[in-house]
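Shared chain: chain A. Partners: chain B in the first complex, chain C in the second.
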Partner chain A sequence: MPENCIYIARSSAIAARALAGEMMVMNSADSTFFTLNEVATAIFQAADGHTPLRDIVRDQVCEQFDVDPEQAQADAEQFVAELSSHGILLVSSQPLSSEAP
Partner chain B sequence: MSLMSEVGQKAFNLGVPIAVHMDVTYRCNERCVHCYLDHDDHGEMTTAEIKGVLDQLAEAGVFFLTFSGGEVFLRRDFFEIVEHARRLMFNVKIKTNAVMIHEEEARRIRELGVDTIQISVYSHRPEVHDAITKLPHSFERTIKAIRFLREQGLRVTIANVLMTVNSSDHSGVQKLAAELGVQYTLDPTITPMMDGDTSVLSLRIPGEELPEIFHNPALVGSQEEFCAPPKPPSEEDLEGYSCSAGHSFCYISPYGDVFPCVQFPLPTGNIRQRKFLDIWNFSPEMKEVRSIQAKDLTVCSSCSHVTSCTRCPGLAYVEGSMRGPSTADCEKSFYRTGVPTENMLRQGLSKPRTISGTTAPLIQIRPIAVPA
Partner chain C sequence: MMAAAQKVVCVEIGGIPIALSTCDARFLDLLRQRYDGFLSSSRPEFELQFDLTRTGPASADDVRVRRDGDEWLIERGDFHARWDPRTGRGSVRQNANPYSLDSVLRILHSLILAQRGGFLLHAASAICDGRAYLFSGVSGAGKTTMTRLAPADITLLTDEISYLRPSADGYAAFGTPFAGELARAGENCTAPVSALFFLEQGPENRVDELSSAEAVRRLMRNILFFAEDQGLVEKLLATACDFVARVPVRRLTFYPDARVWDRVRKFARNFQEAPQHA
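Take a look at the complex of A and B:
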């Protein structure tokens, strides 16, 4: 899948809340629990299903944090793949509708 | 320290209410003999009010949200409330007797992404369970509901409250939980009524029977660790706090009253009159609860059990002082370790003197023939 076609959305099965700048995320299906750092939290919060990951990295990561754009894109893809494997983020080459419980 | 513990400690240190227990109703279709609630409706919050409270809780940083009662499914809007909570991305746990859960309700619970359903089961013997709930066929209905929930792949925990009338049934319930593929948790705590009436305490398991429970590896895990004599407290220990009540946890009643904990009937404010965060941050009562360190405890600060005791400040408050001892926990500490507590020593007792075991057995279920 080319990186410029990736769309991400939060799964409806998860619970999430920010605590002192970090996002707590839990998947009720298997009780996996994560905390996300500031950069990961920015990506997670922008995962609306219709903004391409490339744009999220550009607007939410590169704009707000002092990072190399290529490195940021690579790290973001790795992060998305990991959360996707735990059912926390949904990934598609087409825009996704946000899942409502 | 696990990630979950780290997060809990962080919330505690920051004073963020990371977990809230909310009773949405006190009405119930069972009449459990040990229940501490008044089941009449004295003006429950409306659907809109509860949704408004949930909005405030999300803003305050609450992550773990437990809905309980009463029986939550007696509210016709309960699914609407859970749906709103899940839209706000709370981790939702439901406590219920499950008798109103059928296939359709189980499916809806799964769709809503509820984390866990905790269900009260008092005995593996239907006649004992039904005698405690005073609802005929409640055992059959509850177990059927657990099967529906499991068919949906949901996580279920059986909560087994132990009291005089079912004290020998814990192994049977544990076996039943294993057969159903659900978690099992045991609790020998019987709480006074919310109006202060202590008559239900006669149902507490007599202290003399506690060692059998505390020395049962199937219930407590490592007996060596669980029953170890207390270690002398360090200065750091004495700077510590009792529990999360008022620090990172609180309780909200169906009428909007906010308390430090479900077992701590100290009113700190009403959410119909003040914003939740205003009560949480500025209520003098909440601040007082939050200020109490182990060194401030009138008796327990000099007790050898001070660091390992399960002392409940709410039960202590009901006994007369939130800084005083909780006799039920003194009893547990003694029977768990064999080491007398400071509270006992000051009273010159060789064993705890408590309400449990000193009153007649539960009269309500006496007439029912219970097979051995």
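Take a look at the complex of A and C:
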């Protein structure tokens, strides 16, 4: 397994609803509210805790959207870092439970 | 030593009567004056008992609303409240500051409404031709201006905090005593909601469509909601999506003179003739 392999899971402390191609996400801890575009939504929905981010980018982002793979990976890592800083996504170097507290 | 007798007033906002009790006669007078027009003889659904203390000054930025076992714990520098949704009863420790009182009541209503599919919205609202119109936006967007520009036949529900509950054919807006810059309580009445406008000031009056996702995004940013609770957050997000599906939500760019109300009336006429919305 590569050293930089990361796993992401959706926090259980959020509410999310898809609407017109966008994902609405609200953090129940502080009521912060986010809307995700189509690419971010694809990553968010694939965040099962078991699939490495690299594979999500390859299979969900590069397959569905016309993006450069390296740029897509960099953008995905930035997006994951931002959502994890708000408690929306959980990030680990090991597989995670998708319903982690 | 005998405990002082509790005196009670029932304040009914949004059709939800809440008994407010205190043993302080002056505070009771404050309650009666502040919520004059919303005093009710209905049987209270909920009860709050006030215990007056010396606490910190009113503060808007550090409120916490969280579960403590079966109870809600509502805290800010100037008040400390507990409320048990199972019994409908709660207690508040605060000073006699009316702004603290308003805050506690608003938070309690936001909790009750969230369970019932309603919400409080940072918005002015008014009844025009039997239908309610909501005008929301950030501070300075024009909520109070819209109410000041309203013609004489418009009934003001609030210039600051709109009260919304689901109804058989959409949503209903209720008047509230929670005033903003206008410093005037709304009328204690209700009407079905015809439209929600997000305000922006500009050189002309115009109404523009918003995508449903944009409408939900703006709506969520203006709902008063404080609770750190997974279940209520899910419920609130579902309510916001339902509201956008059932009520026309538009952007209203307006030049601040009385003609903006002609534009609102024109929108209402056109929409009633062609009742389709995104």
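Methods note: the second predicted complex is superposed on the first by the 95 of 101 C-alpha atoms of A that agree within 3 Å, B and C clash if a C-alpha of one lies under 4 Å from a C-alpha of the other, contacts with A are read in each partner's own complex, and residues count from 1 in each chain.
The rule we apply is simple: contacts are C-beta pairs under 8 Å (C-beta built on N, C-alpha and C of every residue); 3 or more make two chains touch, one makes a residue touch a chain.
Computed from a predicted model, the values in this text were never measured in an experiment.
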Chain B versus chain C as contact partner of A:Ala13, first or second or both or neither: both
Partner chain in contact with A:Ala81 - chain B first, chain C second, else both or neither: neither
Touched partner set for A:Thr35, first chain B, second chain C, both or neither: both
Which superposed partner A:Cys5 touches (first chain B, second chain C, both, neither): neither
A:Gly21 touches, of chain B and chain C: first, second, both or neither? second
Residues of chain A that lie at the interface with chain B and also at the interface with chain C: 12-17, 19-20, 24, 26, 28-29, 31, 33, 35
Chain A to chain C touching residues, read off their complex: 12-17, 19-22, 24, 26-31, 33, 35
Chain B - residues contacting chain A, complex: 3-4, 7, 10-11, 14, 16, 18, 58, 61-63, 83, 86-87, 89-92, 111-115, 153, 155
Touch list for chain A against partner chain B, complex: 12-20, 24, 26, 28-29, 31, 33-35, 100-101
Of chain C, residues touching chain A in the complex: 211-213, 216-217, 220-221, 225-230, 232-234, 236-238, 241
